[in-house]
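One structure, as structure tokens, below. Some questions next.
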Amino acid sequence: MGNTGDKEQNKLSRRDLIKGVIAGGAAVSSASYLFRASTLLGQATRGAGERLLTINVNGQLRRADVMRQETLAWTLRHKLGLTGTKLGCDRAECGSCTVLIDDVPYYACSVLTHTVRERKVLTVEGLASPEGKLHPVQQGVIDEQGFQCAFCMPGFLMASVGFLKTNPNPTRSELAQGLSGNLCRCQDYDKILTAMMRGAANMREASRA
Amino acid sequence: MPKDTKPAEPAARVYGPGHKLIGKDYETADLYAKVTGVAKYAEDYHADGMLYCKLLLSPLPHARVKHLDVRQALAIPGVKAILTADELPPPADTLTDNGTVIRANPKSEKALTMEPLYQGEPILAVAAVDEFTAAEAIEKIRIDFEPLPFVIDPLDTLRPGGPNPRTDGNIWVQTPAPQAAAGSRPPGPPPPTIGVLKWTEADFADAKEGRLPMGKTPDEWSYGDLQAGFQNAALVLDETFVTPDTSHQTLETRSAMAYWQNGKIYVHTGTQSTAQTVPAIGRWLNIDPSQVVLISEYTGGGFGSKITGGVTLVIPALLSRKANAPVMMRISREEETFIGRARPSMLGRMKAGFSKDGRIIALDMFVIANNGPYDAVGDSPSSGRIVSLLYQPQAMRWRGATLLTNTPPRSAQSSPGGMQGIVIMEPVIAKAARKLGLDQVAIRRINCPEGKASFGPVSQGKRPYATSAFLKEALDRGAEQFKWAERVARTPKRIGSKVRGVGVSLSCYVGGTVGFDGILIIKPNGRVSILSGIGNLGTESVIDVHRVAAEVLGVPWEKCDITWGDSSKNLPFTCVSGGSQTTHAMTRAAHATAMDARRKLQELAAKKLGGKPENYDVANERVFRKGGAGMTLAQAANYAIQLGGIYDGHEVSPDLNKVTKASVAAIAGQGLIAAAKDKYPRDGATFSYVASFAEVEVDVETGKYYIVDFLASADVGSVIHPRALGGQVLGRSILGIGHAIGQKWVFDPRYGAMLSTRFSQSKPPTILDVPVNMQWAALDIPDPETPVGARGVGEPPVGGGCASILNALSDALGDEIFRRSPVNADTILTSLEAGRPMQHPLMAHI
Amino acid sequence: MDFLKWAISPWGQRVPIHIAWFLIWVAVIAGFLFFIVHATYLRYFAKPKEFQSSGSPLIAARIPEHVPRHSLTARLFHWIMAASMFTLLFTAFLPKVGMPFDWVTYHWIAGSVLTVSILFHIVHASFFMDFWSIWPDKIDLRDAFRRTLRFLGKPEPPPDKFAKYPLENKLYHAAIMAAGLSLVVTGVFMMFRVRTIFFPRNPYLFSDMTWGMMYVLHGLAGVGLIALIMVHVYFGLRPEKRPITKSMIFGWMSRDFYLKEHDPQRWPVESPISSPASKGEAPEGLRDAG
Amino acid sequence: MAVIRDVMPAFDLFQPSSIADAQKLLQQQGSDGWVLAGGMDSFDWLKDRIKKPKVVVDLSGIAELKGIRSTAEGIEIGAMTTLTEVVEHPLIKEKFKLLADAAELVASPQIRNQGTIGGNVSQDARCWYYRAGWPCYRAGGNICYADTPEGRNREHAILYADRCVAVNPSDTAPALIALDAKFVIRGPKGERAIDAEDYFIGPDIDITSLHVLRPGDLLTAIRIPSTWAGAQFYFEKVRDRNVWDFPLLNVASAMVVSNGGIERIRIAVNGAAARPLRLRVVEDAVRGKPANAATGESAGKLAVQGAVPLQFNAYKIPLMRNLVKRAIGGVAEATWTS
């Protein structure tokens, strides 16, 4: 699948993957009897009951069976097949799992899925237009060959897109501040910053057009 | 924090004059998938019925499992299998290409163990329907340990009567290979065994002054007259310096997913070499490599820690067989800290004699590397060779030992040994320059290697030498671009509590190997399909090197398709992407392959259209006679299939590696197939060089400092892909900078337990720890000993990144502040307060 | 129910770290239950004490009006010990039952005072007092047996009168000694874990398991002490024991009480007039008895 | 029983929408309940399986705990207000910039987007022994591993250590003390407001908690009086990395200077002890004196009196001295022209 002309194939494999995930989800739910079912049934408080959630991800309403202790990163990756969101540390220490919730960057590893029920989640998969046109910040990466191994890239992209919503015309220093919650271990910070600055310029250009 | 008002990037650089592709920026084939999030790393795969596995790690640094009871764990519904060390297959011997058997070492690391040799070593693994169940199961396992003596600090095991990290000793001993029986092939060397190295109390007496004690070492070499050198020296310095242990901390951990299908094991994991991880997996599982399929399209960083994946990947493979289902082993960040490899800390002592003008006339180098419990890393010997090349001492002795300890296993990390050697040496040179009243650039210029510079001891009658070195040019160019002279002359150095300092460092490392293969297919549709066995770990060499083939063939890049990342896709024998070999080794292989294609095209054209092959030229997707008839590549491909034999891969050159031969056999008939081994001559060993410059601003009231500016000026031969190169030059510089500004391991000595298991504790640099505008430059002078002129770049900037910061700090604060790295507020402030270095350099893991 | 609090040591070993704090309440409740049971027994069921007659009026005549019982030194020791023990108990357990305050310094200082006073007491009692007077002797055991049988209605001769200390006192002393010594010994070692003026800290003096057992022993002895002291105070306040309580304050008991409860042969007290003068500066009546 | 980390254990999750509901739940659950604010501290405990509450009560759905309101006395910040909101709020920027400065230096942007002011002041100690799940005093055990002859205690306390040598890691806490904030606590017995400095306790009082909250208590709001609005503020945090790091030490001060003399001042440091320290001795000593380097110098020396270094944290003494000095005497801006 590491072929140049292979974008179509990637899409196909994602569909396959989602099929697999639904089966996997069933396995998870069947195993859940191991854990304490709600011992406080009858509580009037919201959230004590249902596990089947509808979440708004990338503009789509997605249903998933979500354990109470499940993080958004886990749900996205293992229940919804959105593996673009990476887990680098699972401890809010690397930023690879950054997603936008109501346009604000969060570490998806440190958000319980049950708490985003009525909010809009945007992941790296939702950045490009449905027709496949890249988001200007994504285009900035292409333009500048930003990033090396790119495991951190989805997180950086989301942090950047989130930050640029509040400051569309940042200096390099300001943007670096905005991206300072994301770690790159290839330490390609200089090129990343260049790519993200380019992305910001692309965005301004796009909004002018 | 200093405000950065410097303008952005310098004017666009032009590289690769006369080339269409080489030296030009382009969009790599993997970038779209990466940027859209569809690029799949090992952990992103999912298979129907997939189980998850979790590891039970040793809480002790050295112990024996006394009692193990897994019944309660197995009784939990959803727990499918438990794998323990006794179920691991014995590791297989290796048969090298020339038929030598390298025997597997029974004392080497295995995926699981009942005698853990470091805290965090995996003992067993549980596969269950999900991670929650697996975790519950592990908590139900009863396990008792018998604690055994342990060692965290290598000096402790050297003390008379000190504890040994392994029951049989503290050091690897290589016994010589037995003589070959007459007429038979030479047997491989026996596996190294473990011996004991202890020093005397007298050896340690010296340590009381904060200097590294120097007892006997197993390894030693020298050249020149050391004694005479010291006698003639105008200045002799004797300095101790200690570098930190640092985890590789690839952002992607060594997660792996595996399943069996039709008798083959399919493994998804990150690796630094698609081609060479296959035989490694075969060895670990004791099966034939032909039964192994490795899928590794994207690897989230390697830096030396995933050279052929990680041995732990056998866990999901074996659990998968046991439970008869695919198994995903997600490695957590904490687990990665334990099993994910690290650079060994090095304790070094340098006695250096300088002439009045700063030339190093004698150098006595002594190093101890903290190896962890398993296979020896080569950092210690490598440090000696790199220092001898980089500073060209007229006489030199190197002594070194690699001590075993009960700390996580080490492996090569970008510039293994080179980084430590440079970081131990550079402060000595900086101090000498101050003592001798010399400029820091000037003293480095006078010691700089040039041309076919020699290094290391005499071997087979003469000292080995480099293919080329243009470090002087890189230093000069860097000094100019960094405005070195201006910065040095600037006054005042101190305003209020802020002091500025500038530092420069030389740096180099191995820049390439030779002798690997390439395969490309000119398809009947006229497209060129290139097969790449290189790991895709982010440097882009997986794709970049093939620009050379397209350039040679005159094929537009858009017509080339690169296949990588799946060992079932008939990849050639390729180097591992470690030690900065890939760009050099694989541009040579790509060049050889393209030349093979070119020759075949010429022959095909001559056969079809008449004339001599050499009358034909290849360009613009055609092979043609000058000003006359020709055929398109598509036509040539069809003709190749028609002719068969050597043209479509049914016959291959005997030079090729067996892996390549097997791949060619599998694709024979698909078009014009070119497959060649790099047999280009090379006179010398390949190295790349960097001159690094840094300016820091220190607040002497808080001990806090900022890096104001940084520049790395590189001599890496011809530039292939400027943006990727820039990313590597600065990226690896920052890796080195991390060693100066904060990365470390901290252990509790009482329990031998690592305390710095989180990023907030081990402190990898963030984007705000480096200047927002870093600069790099590359000379783009071709190396004369390789057809494309390109050398590797990954490792060379690392040592300079670290040492330039340290030198800038000592320029700002004086020589008597620190004797170890990283250097932080605590070191600076306590030393400034006391007026002398307060941190004991030899105390490990603070 | 776990009577101990367990933890996982850094090496994954299950080690006890201290007692479960609910045992504090167990001890307090046990103490109160004892009051109730004992008071009820005395009020409704107990028969008057009966002793074998002992001594002759001749002896009685030689008994001083104020029978010296506790020397000033002994009393000082008792009250210092009492003060330090109360301090120790309150500083130990109040924070555990929801009244947090800065207790450690008071606790180790009180503990040091207690340790020193107990050391003094051991030396003093061994060499300057009748060491054996506090230990049950054969007669005590025989009488305990007799009393039990008589209580059960068996025809047994009545027990002798007491020596200096009734058996209950002796047993109490033994119990408090066991608890106190456990506390003192473990407490002294525990001082290695905090900053005191005595020795350099060394929290790694023992293994995790040994330290754990030490904390458990300290805790068990501590809660044991709660019950013991409650019982002690209870007896000290009981009307029929007041003469004994008073003797701990003033140093003497009345001749009547002496003759009623104590056997002059087992606890010979001679009139100061007829007794041989002993060396020492202390007034005769306050000389260490026996 | 073997130990495993990095898998969150199962719990029941409750998301009350009012303080009253939350309190009812927490009182029902007692020590089985766990309060989840932003979660940036909680998830570490849960993922490490060191804490295994039966019930987690997520406060993020309680609107009355969020937001910044102007009141007659000053402002009131709901405990669940995120640090980003604190940093960006115009009223805070204008009047209490000290708090905005402190909040802006907390961790990373994403953490500030999620972490709350209530969580930041109530977070637990970051001592790596304690966080590793070792049974130390703070975890209910009977030893401090950091304060042992070879314990690694570079980040630990220099003042008021009592067996435990952990420090309070909050950046906003000293700022709130300097601003004379009041912490509003809703407990089983009703609501009470206490002085910011009384919210924090040292190991001498309670070795297992950094603050006064008990099961069933909720920190609902922080009130900042107008007393110090627009005063001369100073906040400085020294940390190893330039972002995403806890303070080695920080200092916060609010000062009113008139006629060249310090008329009023409040100053606090954190990272030096298990609770943020209000430096009353320094305040008393400098009142009436000119706010200059000399006063700063003597204030710094006064501040560190009685400090006891451990093996690896002696640097904190000059660091604290210098930070206090700067807070009072100011710091010279250094700019080089090239």
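Labels for the chains are A, B, C and D, by order of writing; each one numbers its residues from 1.
The definition used in the following text is that a contact is a pair of C-beta atoms (placed from the backbone, for glycine too) under 8 Å apart; a residue touches a chain by one contact, two chains touch by 3 or more.
In this text, all values refer to a predicted model and were calculated from it rather than measured experimentally.
By the contact definition above, name the pair with the higher C-beta contact count: A-D or B-D.
Output for the comparison: B-D.
Report the inter-chain centroid distance for subunit A and subunit C in whole angstrom, where each centroid is the mean of the CA atoms.
Taking the mean C-alpha position of each chain, the two centres sit 70 Å apart.
Measuring from the mean C-alpha position of subunit A to the mean C-alpha position of subunit D, what distance in angstrom results?
31
Can you give the whole-Å distance between the Cα centres of subunit B and subunit D?
The computed centroid separation for subunit B versus subunit D comes out at 42 Å.
How many angstrom lie between the centres of subunit C and subunit D, each centre taken as the mean Cα position?
48
Provide the list of subunit A residues touching at least two other chains, using ranges where the numbers run on.
34-35, 67, 69, 90-91, 93, 177, 180
Two-or-more-chain contact residues of subunit C, please, as numbers and ranges.
In subunit C, the residues touching two or more other chains are 10, 12, 204.
Identify all positions of subunit B at which a residue touches two or more other chains, and write them in rising order.
3, 59, 132, 136, 143, 332-333, 748, 750, 753, 759-760, 765-768
Which of the chains are touching one another, listed as pairs?
A-B, A-D, B-C, B-D, C-D
For a test of understanding, state which residues of subunit A touch subunit B in their complex under the given definition.
For subunit A paired with subunit B, touching residues are 1-7, 10-11, 13-14, 17, 20-21, 23-24, 27-28, 30-31, 33-35, 67, 69, 77-78, 81-91, 93-94, 96, 123-125, 127-128, 134, 138, 141-142, 144-145, 147-154, 157, 172-173, 176-177, 179-180, 182-194, 197.
Show which residues of subunit B lie in contact with subunit C when the two form their complex.
Spelled out, the residues of subunit B in touch with subunit C are 59-60, 63, 143, 145, 147, 748, 750-751, 753.
Applying the document's contact rule, which stretches of subunit D touch subunit C when the two form their complex?
On the subunit D side, the touching residues are 1-3, 132-135, 139-145, 147-149, 162-163, 201, 204-206.
So in the complex, which bits of subunit B are touching subunit D?
For subunit B paired with subunit D, touching residues are 1, 3, 54, 56-57, 59, 131-132, 134-136, 138-143, 332-335, 483, 486-487, 490, 495-498, 500, 697, 701-704, 706, 742, 746-750, 753, 755-757, 759-761, 763, 765-769, 824-827, 829-830, 832-833, 838, 845-846.
For a test of understanding, state which residues of subunit B touch subunit A in their complex under the given definition.
Contacts found on subunit B: 3-4, 8-9, 25, 27-41, 43-50, 76-78, 128-130, 132-133, 136, 248-253, 297-303, 330, 332-333, 536-540, 560-566, 721, 723-724, 726-728, 730-735, 738, 758-760, 764-768, 770, 772-774.
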